[in-house]
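In structure tokens below, several structures.
Okay, so chain A shows up in both of these, paired with chain B first and chain C after.
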Partner chain A sequence: MSQSKLDRRQFLKGLGLGGAGVALAGCDLPSYVTLEQGEENVISYLAPDEYVIPGVGVWYASTCLGCAGGCSIHGRVREGRVLKLEGNPDSSVNMGRLCQMGQATLQSHFNPDRIANPLVRKNGSLVEASWDDALSLINEKANSGKAAWATGAISGHQRVVVETHLSAIGGSNHYAIEQINANVWQTACGDIIGDPNPEIHLDKAKVIFSLGADFLATFISPVHFAAHYGEFRSVPRGTLIQAEPAMSLTGGNADHWVGIKPGTETSLALGVANALMNKHGISGSGISNATKSLINEHDPATAASICDVPADRIEKIAASLAANSPSIVLAGGTATANANGYSAAAAALMLNQILGNIGVTITSGRELAYPQLGLIEGNSANLKDLAVDANKGKIDVLFVSGTNPLFLAPKSIKMDEGWNKIGFKVVLSSMLDETASAADVVLPLASSLEDWGSHIPAYSTGTRNLALQQPLMEPVFSNTRGFGDVVLGLAKQAGAPGLDEYDDYYGYLRSAISVLKKTDSEKEWNSFLMAGQTPVPSLGRKLSYIDGKISQTANTATDGGLTLIASARMGMWDGRGANLPWLQESPDQISKVVWDSWAELHPKTAKSLGIKDGDYVTIKSSNGEITTRAFIYKGIHPGAIAVPIGRGHSALGRYAKNNGVNPLFILDGGVDAKTGEIATAATRVEVKNAGKNKPLAKLMEIDRQHGRKLVATISADKQRITEGGT
Partner chain B sequence: MVKDSSTKRSIPWIRLSMLMVFVGAIIVIAAQVLDQKLHYVGEDVVPGPIVPGTQYPDEKFTGIDVPQPINFSHKIHAGDNEINCMFCHTYARRSKVSGIPPLSKCMGCHTVIATDKPEIQKLTAMWEKGESPKWNKVHDLPDFVHFTHQRHLKRFLFDNEELDVSDAKRVCSMCHGDIAEMTVAKKSRPLTMGFCIRCHEANEGPSDCTKCHK
Partner chain C sequence: MSSLFGNILKGWTDYTKGIEEGGHHKYEHMWGMVIDLDKCTGCNACSVACYAENNIATVGEEKYKARQSMQWLRVERYFDEPDIDPGAIDDENAMQERGASFLPMMCQQCNAATCEPVCPVAATYHTPDGLNAQIYNRCIGSRYCANNCPYRLRVFNFYSYTDEDGAWPEPMKQQLNPDITVREKGVMEKCTFCIQRIRAAKDKAKMENRKVKDDEVKTACQQTCPTQAIMFGDLLNSESKVTQAWERQQVKLGKYKQDRENPKLRGYRVFEELNTDPSVLYLERVREE
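Entry: the complex of A and B
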């Protein structure tokens, strides 16, 4: 082969320079594509309000409904369209911040796949109908038996109208379903320290020891905690220790990430307690003798043999906690998503007790003085209850809104069968998700940016606020109606008393809030709307401590399989984010994968199973199988395989449909022993190479820098000196 | 010579793709040269009045005729009757867009003026129906370009001691040509990045990319 004078490098250089020249020259010449004349329309206002200036945005306050967090938002409205959302700086929930799901709410508002007209099932398929026809059909059938409502997390006056409607149609069961929740932690807090939603002061802690609680992404109010985490990390820098079987966003930020055997978090906590009491002279006041003897049984070596964390690691964690007070110990996420979940939360609270954190970094929260407006957080135990009750024939008429049970339910709890036994199903939704697709009547809802509402945020410190939601623009689809309007209409139609004076939900909400705030003035109402929130009376609670039931059954499965972790992520969340391209295209926080599911496997496990990165793997449980591609990564326990929740839809619009897999479907239906929460990190699965390989679409091909200094780092010691330490 | 397959991998499609890129580049250059010819600037372009104290852009462009729902005459309004541009395009000094005046502004005069003209009757009919005309956009920049009228008016008109505010149309004509001589507007400056940059250089405007590309 003759050597060419012009090698490839030179050729590419030449091409690059030439290309740049062409591009620059292009800037100066009329382009064919972009500089259009007469292609677009400009439509002027007829008679605009005085403050309206085209091109200048006006910011309106409202509330984000992306999750139960209830962050206050400001939406920029220009030329009648809402274009951008930001956090409301005056909010005690999010303090001006907003997460990616909040930002992407815009796309659920402008989504092309939104339902535009009511749908009614005729001859087996959903066909468009008028509101009158749909509502009269509901009126005809709603009283035909035992009625129930299923919602997501719900609070404020929406909760009141739903419950009013439910009692008007003679039903009593309200299933609030949220797959991603902190129910186990909150139940344990309620039982043990007497406050289910205590204030958690990450900013005051010097060490955070978190058992699976992904407080930066999925735990109660992630935006709030992320802000406090920022303070925790400023000078002097706090230490974050995260123990979980598969790395979460919080785990990725930790100083010490501990890959623990799934379901054995209790023994780690007991081992740490043992080291604290025996090596660091911590007395353990307030701990019962039964718990003390349990702690004595779990010296670090014993604990290590159960939870697969080296004994010296356990001792180091204890030393760090002993040397830095105050600290805080949290439990949530994967640690509470197994049969021992409640025990792990109880053990975490026990650690807080012996470390003296209760009353210091964990303090009492405040309770709303109007419990009827309070937030029903929702949990997955309710999902299972819904399936069980439906199968038993206890539900004849079901109204669903804000949740997608047919997507969230594991096949093992037989939700599909139960669903078919329900005689008449009405779904109120803005998107045709799996549940809406299987309904008898679908009522198209306004988006959260077109609707009125009042909400109690899942978590806030100090005064409790009622967060107000107001429309930021005219409806995109003119035949949709607000959630409150629809439910109020249904309640009126069902003969609920005392509602006739309200023409619409706005009138109801305004009158209810004027009663609550004891003022009827227009000026006050406008000031509430401008602030986006208004304080409501609340009562203080007191913390106490009574030992919770701590028990540890070792994970000694010898079936040769792995434990499936259906991991929760900010982004797709429980699947509601899958129809939003901004979230689909945002690289996952850990794997950096976009637009698809993946299965995280430890390199050792992958090697022993003969699986390479990008190989299709079949994950088989006793309840079915899913096939997705492997992502080989050290941030997972070798005995686990993690598949994120949220993808694998068979409906929910063009962006979500047929994209990825849903690990929830193959869960074995196991629950946390105490709360009944569906155990998403406990199903045993068999993993096999499916024999095909296709590289995953991800933004980071390798997780090393290869000396390129993409991210500059200095040692912790040097960093301490630069921050004024010695 | 020993062929080292590990360092010199042969990629069969690379030559073909490079050839295609090369041919593509030639086509783009040729097309642009051709395009310049197509948009040859003839004698019919009216030179605009000059703004004192500035380097005035002299590049011309002959745009296409863009039909409008109402045959609005800039000549009658801004030319013959010497109405200040900013009387109707009232947002220009407050916003990035100059704005099409709201219909209520048109009707402010035309409930009494020239009500016998067919174009005004068209306008009145729209007003009574509560419909705005669907104007066709003549001066359209790509979405990644953030041009602001407000800033340019401040620089060339309000901060310009040599120019009286009543002479606003001189500033407008820097980019829009002599609109006061037109009926419906027609593009008469290229409004390309090169056009912007040359004026920015001559008048010491900002030159960082992010001023316009946000």
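Entry: the complex of A and C
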């Protein structure tokens, strides 16, 4: 630990960065203490170091790595410590705003359970070792067979060094794993409209019809979309219609929330298309005859019987879309987390085509001119591939960073068995999670607020920026190293060519960006760091529409069980937020539960199973069982049970360990037929009362306002009279 | 002691005046807020930003369950819409047809604050900025104020959270904001409208010999809000966005019942009828019927 020398100036000097103008983004004011009888300045100004003036906070720009969204941040540094993060107002990704996970990044940086020293497995257990010993062990073993890398979403120069290292050790497989992703939607967009990451203009839409896409919480770039949602709700106010089997945060904000039988979203979209064509005279240009005949088979009454949504609601959705143009139709989340996921995304794009939204609210995105720096989003199909390849003995040496496959993988895909077949496993991590605990060597990483990096945000409009990450303070744990430094060192050690001239990752990154930006001036470099981002060349794409690829082979099983939905929440995310007490104690947006998992059940289902609120319920699939407490409400389809992802750790740290359950473990391993994404909303389960009750700790003991004017609601018709809009 | 009694008497006088002649205060600033419930998504970013800015302790599951949570800003969630759909919630077999209703609640900074006159030691008082403030080192923990708050927006330190097994084990302590205190066991605390940010802006304005500009103070919750549902500013500054929003909604301070020309306007104050004269204006949530 290095509390004695938390001095950013010394530290920057160490990197050759002394002198004026270093990344100075702005000062805030000296802090005065106002006593009751007047003001007194209690801090003396004793010959201060530059930028380390007692009482003066300085804001430095960097990038949030809480998810792949890549929001730009400003971190307030005072007396050498980073105290608070805020969004960077100049960023086109997040426009100065941050979500709760971004705010809580501070606690992963100052986390008491961070790994302080390298760990090496000896006689079956991990023991502390020196960097030299750990690295020489890796050097000895890394070339001993087929090597691979597993990461989370990765972009920029970190991606380049990982791939350089991988090829230097003779490996070719890079598994980018993200459990929470928009892979199905993006694949469908790539296939059907020719752009996997089109621009989505929520602010221009008069109606958003979303099939499960939780764009306010877990879809591609939540803060960006939430900001546009704010515009969407300004005059003239748009209407949000959300169809999903269990209420997400976006569903929680819907004007019309449509509880749908899990896995039948395609039928709903076809039913809406049918009503649009037959009742509202929409022609359906560009739609093939095959699709048209599918649409004809799904009149609202037929669609209603498949997806368990009343026919009049389907007609109401169509009427709303027909009357308000432009609109936008999205698919994601639970709608794409079943065997028909791709089909639901294709059906959503078909609706956009017949409604004339393509080119209006969905426009072409831009592609990085340097594809090797681009973002590999990561998905869960890669997680399954990793398990399969490991079990087949295709991996002898595995490097892991930024993902936790042993926590994310359903037991049915046999990740644990595969993991044990890998001869030598190296995990680079700042926390001792499930995967690190099972590694042969653990290399302790600097936190995201102590490290250098460059990132391509998952989504942005207009100019593409390279988001820059710079250390905001000296390492809290002095024996940790930056991700780039470690991988660069590993690559050099493995004999990768052309890296010898770089002493560290900072030097490498700076040279790489100098080349990219065609300038090596100190001043320019400082201006990039101050801005926290720098534009990079990109190429426009063009949108087209190729129809097809819709099929509905719905899971219509009626064996008396329920469909388990492993739901994604902003907060715990894929489990990475579980050791941050701020996030554990931040009530879930919908259930308002803190510090534990819960199982959402509809009152009708709960009654038939004899389950009351707070009862422990056992959820059993063909691959195991979990027991957690029931949360009963009407925001879930009676045929479903939803358990949030993120808790149920057996490692990671004091706040995460033995807290809650992990629904991913009992998934049956089913996948989306087209993309291979693990179907998180399709496993059939039996639910039983476990015979115990303990009320959940939650913010809201009541669900109703009991006639008090707490959240007053006004109908949109009345609001239009006073505030305008059509 | 005489000054203490003086303070208490002054608290009573202010409170009575606040009720009888609303808007009587002679403030330097009158900090107020507007929260648009149609833009609020209930995402909780504000609440976590508040923990980060204000050194708020986390308490763990059991204490949370015992309602000993320390959060200054909570986002309430309701599933009914009594104004447009009073019967919907009673059908047990139905599903929700709309989303939920979210309500970010922080101290409403009442101008006739029911918490103020009951404090036996005048630890809770009104600042010349129109803020309802808590003097931590004067607080003896009688909890009368929390008992008297109709909004339940005061939180009490039933325990000490500064030990190694508390809310900030090393090195988490290093994140604590040195601009404000860490409260100890036995002390009441509450939302301050980020008084440290207000003070910094006022100091800067004073040094530059000018008035505080609109938008110069941003509270932590307002700053991070992804949809910018929260507006904050000085209600005595006629140019400020909050003043204009209050005027647009025809809501006036110092009243327990607004006589508006246009009853369809969205602005309202929670429990205004109790004559607490809160400084937070909410705009009604809008829903398609």
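Here is the rule we go by: the second predicted complex is superposed on the first by the 672 of 726 C-alpha atoms of A that agree within 3 Å, B and C clash if a C-alpha of one lies under 4 Å from a C-alpha of the other, contacts with A are read in each partner's own complex, and residues count from 1 in each chain.
Definition applied: a residue touches a chain if its C-beta (ideal position, glycine included) is under 8 Å from a C-beta of that chain, and two chains touch if they have at least 3 such contacts.
Everything numeric in this text was worked out from a predicted model, so none of it was measured.
Touching A:226, do we find chain B (first), chain C (second), both, or neither?
second
Quick check for you: in the superposed arrangement, does A:711 touch first (chain B), second (chain C), both or neither?
Touch status of A:711: second partner only.
Just chain B (first), just chain C (second), both, or neither: which does A:110 touch?
Once the two structures are laid over each other on A, A:110 reaches chain C alone.
Would you check which partner chain A:504 touches, where first means chain B only, second means chain C only, and both and neither mean what they say?
A:504 contacts neither chain B nor chain C.
State whether A:100 touches chain B only (first), chain C only (second), both chains, or neither.
After superposition on chain A, A:100 lies in contact with chain C alone.
With both complexes superposed on chain A, which partner does A:53 reach: first (chain B), second (chain C), both or neither?
Once the two structures are laid over each other on A, A:53 reaches chain B alone.
State whether chain B or chain C is in contact with more residues of chain A in the superposed arrangement.
C
With the two complexes superposed on chain A, say which partner A:524 touches: chain B (first), chain C (second), both, or neither.
A:524: touches no partner chain.
Using the superposition on chain A as set up above, list the residues of chain A that contact both chain B and chain C.
Chain A residues touching both partners: 1, 28-32, 34, 55.
Note which residues of chain A are touching chain B in the complex, please.
Listed in rising order, the residues of chain A that touch chain B are 1, 8, 11, 15, 18-19, 22, 25-32, 34-48, 53-56.
For a test of understanding, state which residues of chain B touch chain A in their complex under the given definition.
Result: residues 3, 14, 18, 21-22, 25, 28-29, 31-32, 35-36, 39, 61, 63-64, 66-67, 91, 94-97, 99-104, 127, 130-142, 187, 190-195, 197 of chain B touch chain A.
Over in the complex, which chain C residues touch chain A? Could you list them?
My answer: residues 36-39, 41-45, 47-49, 51-53, 58-62, 64-65, 69, 71, 74-84, 89, 92-103, 167, 169-172, 174-179, 196, 199-201, 203-204, 220, 223-229, 262, 264-266, 268, 270-271, 282, 284-289.
Using the touch rule from the top, collect the residues of chain A that touch chain C in their complex.
1, 3, 6, 28-32, 34, 55, 78-79, 81-87, 94, 96-100, 102-104, 106-107, 109-112, 216-217, 222-223, 226-227, 229-230, 233-234, 237, 239-240, 242, 247, 249-257, 259, 320, 476, 570-571, 581-587, 589-590, 592, 594-596, 602-604, 607, 633-638, 695, 697, 699-700, 703-705, 707-719, 721-723
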